[in-house]
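Here's the structure we're looking at; comments come further down.
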Amino acid sequence: MADHANTTPLVELKGITKTFGGIHALKNAECRIYPGEVVALIGENGAGKSTLVKSMTGLYHPDSGTIKIKGIPVKLATAKAAAVMGITAIHQETTLFEELSVVENIFMGHPCLKSGGLLDWKQMHEKAAALLKEVDLDIDPAILLKQLSLGQQHMVAIARALAEEADVVIMDEPTSSLSSNEIEKLYVIIERLRQLGKGILFISHKFDEIFHIADRYVVFRDGSFVGEGNIADVREDDLVKMMVGREVATVFPKRTVEVGEPLLEVKNLGNNIEFKNISFSLHKREILGFYGLVGAGRSEIMRSIMALSPYAFTGEITLDGKAIHWTDCSQAIDAGVVYVPEDRRNQGAILPLSIRDNIALPSLKKLSNGIWPNRDAEKKLAQDYGQIFAIRAANIEQPVEDLSGGNQQKVVLSRWLATNPNVVIVDEPTRGIDVGAKSSVHDALGGMVEKDLSVLLVSSELPELMGMADRIIVMRLGEIVAEFDRKDFDAEVIAAYATGAKKPQTQSHDREVA
Amino acid sequence: ADVRIAMVPKSLGNAFFEAARDGGNEAAKEIGGVELIFNAPAVVTAEGQIEVINALIAQRVDAIAISSNDPDALVPVAKKAMKRGIKVLSFDSAIAPEGRMLHMHPATAAGAAKAQLEMAVDAIGPEGEIAILSETPQSTNQNEWIEEMKKLLPSDEFSKLKLVDVAYGMGQSDKSYRETIALLRRYPDLKVIIAPSTVAISAAAKAVEDQDMVGKVYVTGLGLPSELAGYVHTGSIKSFAIWNPIDLGYSATYLAYDLIQKEEVQAGDELEAGRMGSFKLDDKLETSLPQPFVYDASNVDKYSKIF
Amino acid sequence: MVKALKSREALLAASWIALIVIAGIVTPNFVTVQALRDLLTDLSILMVLALAQMIVILIRGIDLSVAANLAFTGMMVALIAVANPGLPTIVWPVLCIIIGTFIGMFNGLLVAELKIPPIVVTLGTMSVWRGMIFVVSGGAWVVQHQFPEGYLSVPRTPILGLTLFFWIGLIVTFGMWLMTTQTRFGRELYGMGGNPRAAEYAGVRVKHHEFWVYTITGALSGLCGWLWTSRYAMANTDVALGFELQTVAACVIGGVAISGGAGTIIGAVFGALFLGTLYNILPVIGVSQFWQQALSGAIILIAVYFNMISRKPPVRRILPQAASQGVQE
Amino acid sequence: MTMTVSSNNRPSLDAPSTISAGSMLKSREIVLIGLLILVFVGGDLSSPWFLDIYNLLDSTAIFSEIAMMALSTALVIICRDIDISMASVMALSSLMMGLASQSLGLGALPLCLVGLLTGAACGFFNGFLVTRLKMPAIVVTIGTMSLFRGVAAGVLGNEKIAHYPDAFAAIGQSYFMDMVPYSFITFVLLSIVFIIVIHYTTIGRSIFALGNNPEGALFSGIRTDRLRFILFTLNGLMAGLAAVFLTSRLGSTRPDIANGLEMEVITIVVLGGVSLNGGKGTISGVFIAALVIGFLRLAITLNNVPGNILIVFTGTLLVVSVALPIIGQKYLPRLSKKKSE
């Protein structure tokens, strides 16, 4: 970093330590952000990235260590304090207000006031409109946030960060639920900020993004600083080695197993708001991929199959040739069909409960004689999956809410696999989890089909799908627009269908899947 | 003190019973060697009174004088007390006969009813529409008096009074106030509102004042001079009645003491009650104070200093 | 959604008018000018207290102690007034607000500083202040002729034909409307209610705001202490017993989300008007004395049901221009 | 570091509940037991009549009815719902029993059935409004609170019902071995049943899962609405049971019976450490809390302290008992260290 030798960093953290109960989230971690650069902060799940972010934004108070802003040591008591010092962050968890308008979401905490101290709505609307243009989001600033799609909501979060006009903008996994073209927009924005001489801390588990946008990298492992350098000077697997401390195969291990006869068949599913004419059939030992932009309606289909959707649907579903009419998802689970939801905080896990409780819950029927739970069995189950996924936790009685995002995701996967199902529907299983975890998830998926399971894999990551799936169904705006067999996978084409650049072959969607 | 007499009113925070307590203390002092325990629940419920009475039984007091919130609900606990040799009597509001050794009416129901109708006539003459604003549909005394009034109405003395409605203020100022307004709205020709309950009568009087109907509509009924003096002066109340709560508490305490002295009482017994002279038990083992006293502009101020 | 809100308030306003019309049909002189004046006067207290309750519910709290606060403050000030009748009338409302404010601050401290669930705190303080009435008054009542003249007469002074009671209600309403729509504090309350963590991340001073919300609620409850004792010329231990639930009911009827973060002042006000009017007309239209309570219970349920179905979450369409035949639930 | 490594320096793998909840609640029960001891010491010092086994047992009849309802209400609250209509349910049950005995002249057992069924029906109605019509529990029960009692008031008018069959009166008025009120025995037995069901069975697991994250529980295959529906009905049933004991103890039915009990029930639940945000709480806590409140009331009334001041004590107790541990945690660093482990 010779080029920074004589400039003072916008932010400088030294020897930051933060413990939660027993565990060290950060062990004298350090990090510097200079004007006009994008720093990629990388590390495994639970490496302490978000904790660092929260320490920089006054939400957590480090046990020890110094934070210098433009050379001046500071103590950040609250988020407000950090904002005043010119640090703002887009946090990993969504931090917006569903019931409020876009304008208010943007200006919550730092509104424009009239001389009289009253709110200056006019000015805020104007500014908001400008900001939305900047993030290239074409919506009325007055509408309520909950009317936006998730992707749009994230862009609002970004607009919100811009509104702070901070010198340091921190983005904690901003891309995890953005669609590819939204990510492009984000790049443009980051570029502009860099031009303006701001410092950006960019956290992501996706190396393509890191290599695309970052100038420097800082690597954490187990809460400690393990190294930094210029992106130009490293290769991906060097970074991986630094992160994980070992080699990790980043190629997807496609197991070659004999695909069997149709198991789960869906015909003309539709509920005239979210999706229509959905027909496909999942074969035994098959991994059937569902690709589409976030918001394409894949999850909604899966939720409908699992009887978890608020809307009634038309069409038929057969399992093993028998028509099924589930009225609640416990029946589906009993029938050996499970759904690993994409939204882990609200749907996937019961955060305040322990890892053991969480893993045991869906299998409770099996792990108990109806009334009396079997603790030892539960403990064993939890321990086993703790091993399989290398879940990073103090012990299996630790509340899941204390785990890092990625480790939470591992618990979520565990609890469903633990029910040993026949059909597993996984929705965005690797969203926001690190390379190591990712490959163990992929191993698990591969392992499933070998164990005679069939997998519906919903993912917005094309490489993952192309690596894992036997077939890929592409969805757009609630309809199936194309389907590909493994032999003719082609990233360009698939993406083209997903974005609508390529129109579906005539009546492609309502054709029977052979 | 070697004798402990407990007085359990309907509830605390009610000037009528505060006055009764003073009477009780007066009696206790007179008799000598008597300690008066005065306690009641926060809310007007039988359950609350039972809790209090239970505690009194546990303390093995010698006698309990109760103004009951529910004549039947108190019977079991009262029986329990008597089984443990505690003398139980009721005053003001009765416990069912099997639950007490004697009862002291503040006034005969008939007497109270008659007095209130007479005050109505006194206010507006023999003719006109009247309504009753009572406490709750369940208030034992009030119901008795209302019954008696209904019996009396046909008699030629009151035959021209027309009872148009019976409303309930639920012992709450705001509800009583609203009910009064409602009565005024529904019965434009209403002349008198009889409110046999302290909360109701003041709320009704206030409402009549606020409606500028003083002189057109009169409120009467039962209440304390200390609480109603103001309305008598503004004119919304011409006259109202109440028996002397001090005498009531005084007598009840004396009767309790008498009960402790003589193991048994039966119909016809004459019981000593200090300055009140003596009370004769009728065949239902009940007795009563002399008729309620009527207050108006001429004497209200004198008494409002006392109770 | 904004439209939906508007329409909900319109619906409320309509049903309120409907109530009055019904009453008018059954009992014509319920709709005389005089009668409507009295009605508005009568509604003012519930209005103010419902608004006090509303801002607490808005931040996912609840204040069960408003009625006890009202009663205690009313008694305190009544006693003070009896003791020194000479003081100018303005003293009474000010004193009420001051005492109420302290009671509110106490709640606020426990909730904001110690993070004790509001329902626990206010359930406790509800009994405490209710009991304290007895302690300070020794069970005695304060009644009409004991109050200083102004204490009773001033709130009754008609201004433009309507009593000061009503104008106070109106002023408070306007103040609260201004606060919740035009001030930073007010808007941030919506944020806190909608997503507390997000609010904290956004730099909202959650603790500070929480404290002041309970304080404001206390102050308004205190003010009502004066209004109440003055209106009924009576201070005793049972003043406004159980009134807190009416305020909650009013808010909910007014479309304030019990889960926090949503609801408007106008809505809450109409909720209060609706409920209060209901209590006024049930006796007037000659509903059996015995059935009034049951009826009001039923009507509360129905009212709540209706504005609940009007607050359905928006359907998140994915299909473009999907066929517009309704969604079957 | 994977679990195996870290788990050997943490042997406490089978803590009853989750770490955070677990320790929180244990500290809660310790606080409560402390309070109970205080109450007994205070009671004994202040009144010669307090430490008398007959008086103590006798007083249990006063609070056992409330305490029973606290058990089931605790479950409702753990599931993030709330029910403040119980007292009114009691009134309605009492009314139905009254009518049944008056007009049909039913015997003791059928009367109890009538009471229980009425209670269950009311609870079912609440449950229906909450889970089927998706109305917020607090709102629903505010409404049914006046609806149920209102119906009782409407039917009774200015009438009242008294004189129940002796066998029925015995339920609430006679004692086991001339000492222990049957209502108290029932309460203790029910507490044991509840403790087992809630803390040691799959049903309990589902309840806590639901309380901690309804959506997550639903996705885990728990039939959440059904469960809530059942709990509301159960709560009604318990109110019915309480009504049986109370009616029998009073031997009389009026619309204002059990007026205001709902707040006492909730006070016990909250004092017992059940979190109103759902998902946290123990029945043992509720059990001890019931005893604390019950005996505190006895101690206070034995000193002939006016009822109006008694509520000051219970109110203060509620707030202080919750505040103290928090203050300790917040301002005594050593304690807080222990806590966060």
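Labels A, B, C and D are assigned to the chains in the order they are written; within every chain, residues are numbered from 1.
As a convention for this text, a residue touches a chain if its C-beta (ideal position, glycine included) is under 8 Å from a C-beta of that chain, and two chains touch if they have at least 3 such contacts.
Note that the structure is a prediction, hence the values are computed from the model and not measured.
Asks: Give me the chains shared as neighbours by chain A and chain D.
Replies: Touches both chain A and chain D: C.
Asks: Among the chains, which one keeps its Cα centre farthest from the Cα centre of chain A?
Replies: That would be chain B.
Asks: Starting from the mean Cα coordinates of chain A and chain B, work out the distance between those two points in Å.
Replies: Distance between chain centres, rounded to whole Å: 74 Å.
Asks: If you average the Cα atoms of chain B and of chain C to get two centres, how far apart are those centres in Å?
Replies: Centre separation, chain B to chain C: 35 Å.
Asks: As a quick test, compute the distance in whole Å between the mean CA positions of chain A and chain C.
Replies: 44
Asks: Find every residue in chain D that makes contact with two or more other chains and list them.
Replies: Expected reply: 153, 156-158, 260, 306, 308, 310-311.
Asks: Two or more other chains in contact with one residue: find those residues in chain B.
Replies: Residue numbers touching two or more other chains: 12-13, 42-43, 137.
Asks: Among the residues of chain A, which ones contact at least 2 other chains?
Replies: none
Asks: Every pair of chains that touch: which are they?
Replies: So the chains that touch one another pair up as A-C, A-D, B-C, B-D, C-D.
Asks: Which residues, counting only chain D, touch chain A once they are in their complex?
Replies: Contacts found on chain D: 1-4, 6-7, 10, 12-15, 17-21, 200-203, 205-206, 208-209, 212-213, 215-223, 279-280, 340-341.
Asks: Within the complex, which stretch of chain B touches chain C?
Replies: So the residues of chain B touching chain C come out as 12-15, 18, 42-43, 137, 166-168, 171-174, 177-179, 181-183, 185-186, 188, 199, 202-203, 205-206, 210-211, 226-231, 233.
Asks: Sort out for me which residues of chain C touch chain B in the complex.
Replies: 27, 29-30, 35, 38, 42, 130-131, 133-134, 137, 139-141, 143-146, 156, 228, 231-234, 236-241, 279-280, 283-284, 286, 289-290
Asks: Quick check: in the complex, which residue numbers of chain A touch chain C?
Replies: 57, 59, 78-80, 82-83, 89, 91, 93-100, 104, 108-111, 113, 117-119, 142-144, 146-147, 149, 271-276, 295-297, 300, 310-312, 477-479
Asks: For the complex, give me every residue of chain C touching chain A.
Replies: 1-2, 178, 182-184, 187-188, 190-191, 193-195, 197-205, 257, 261-262, 313-320, 322-323, 325, 327-329
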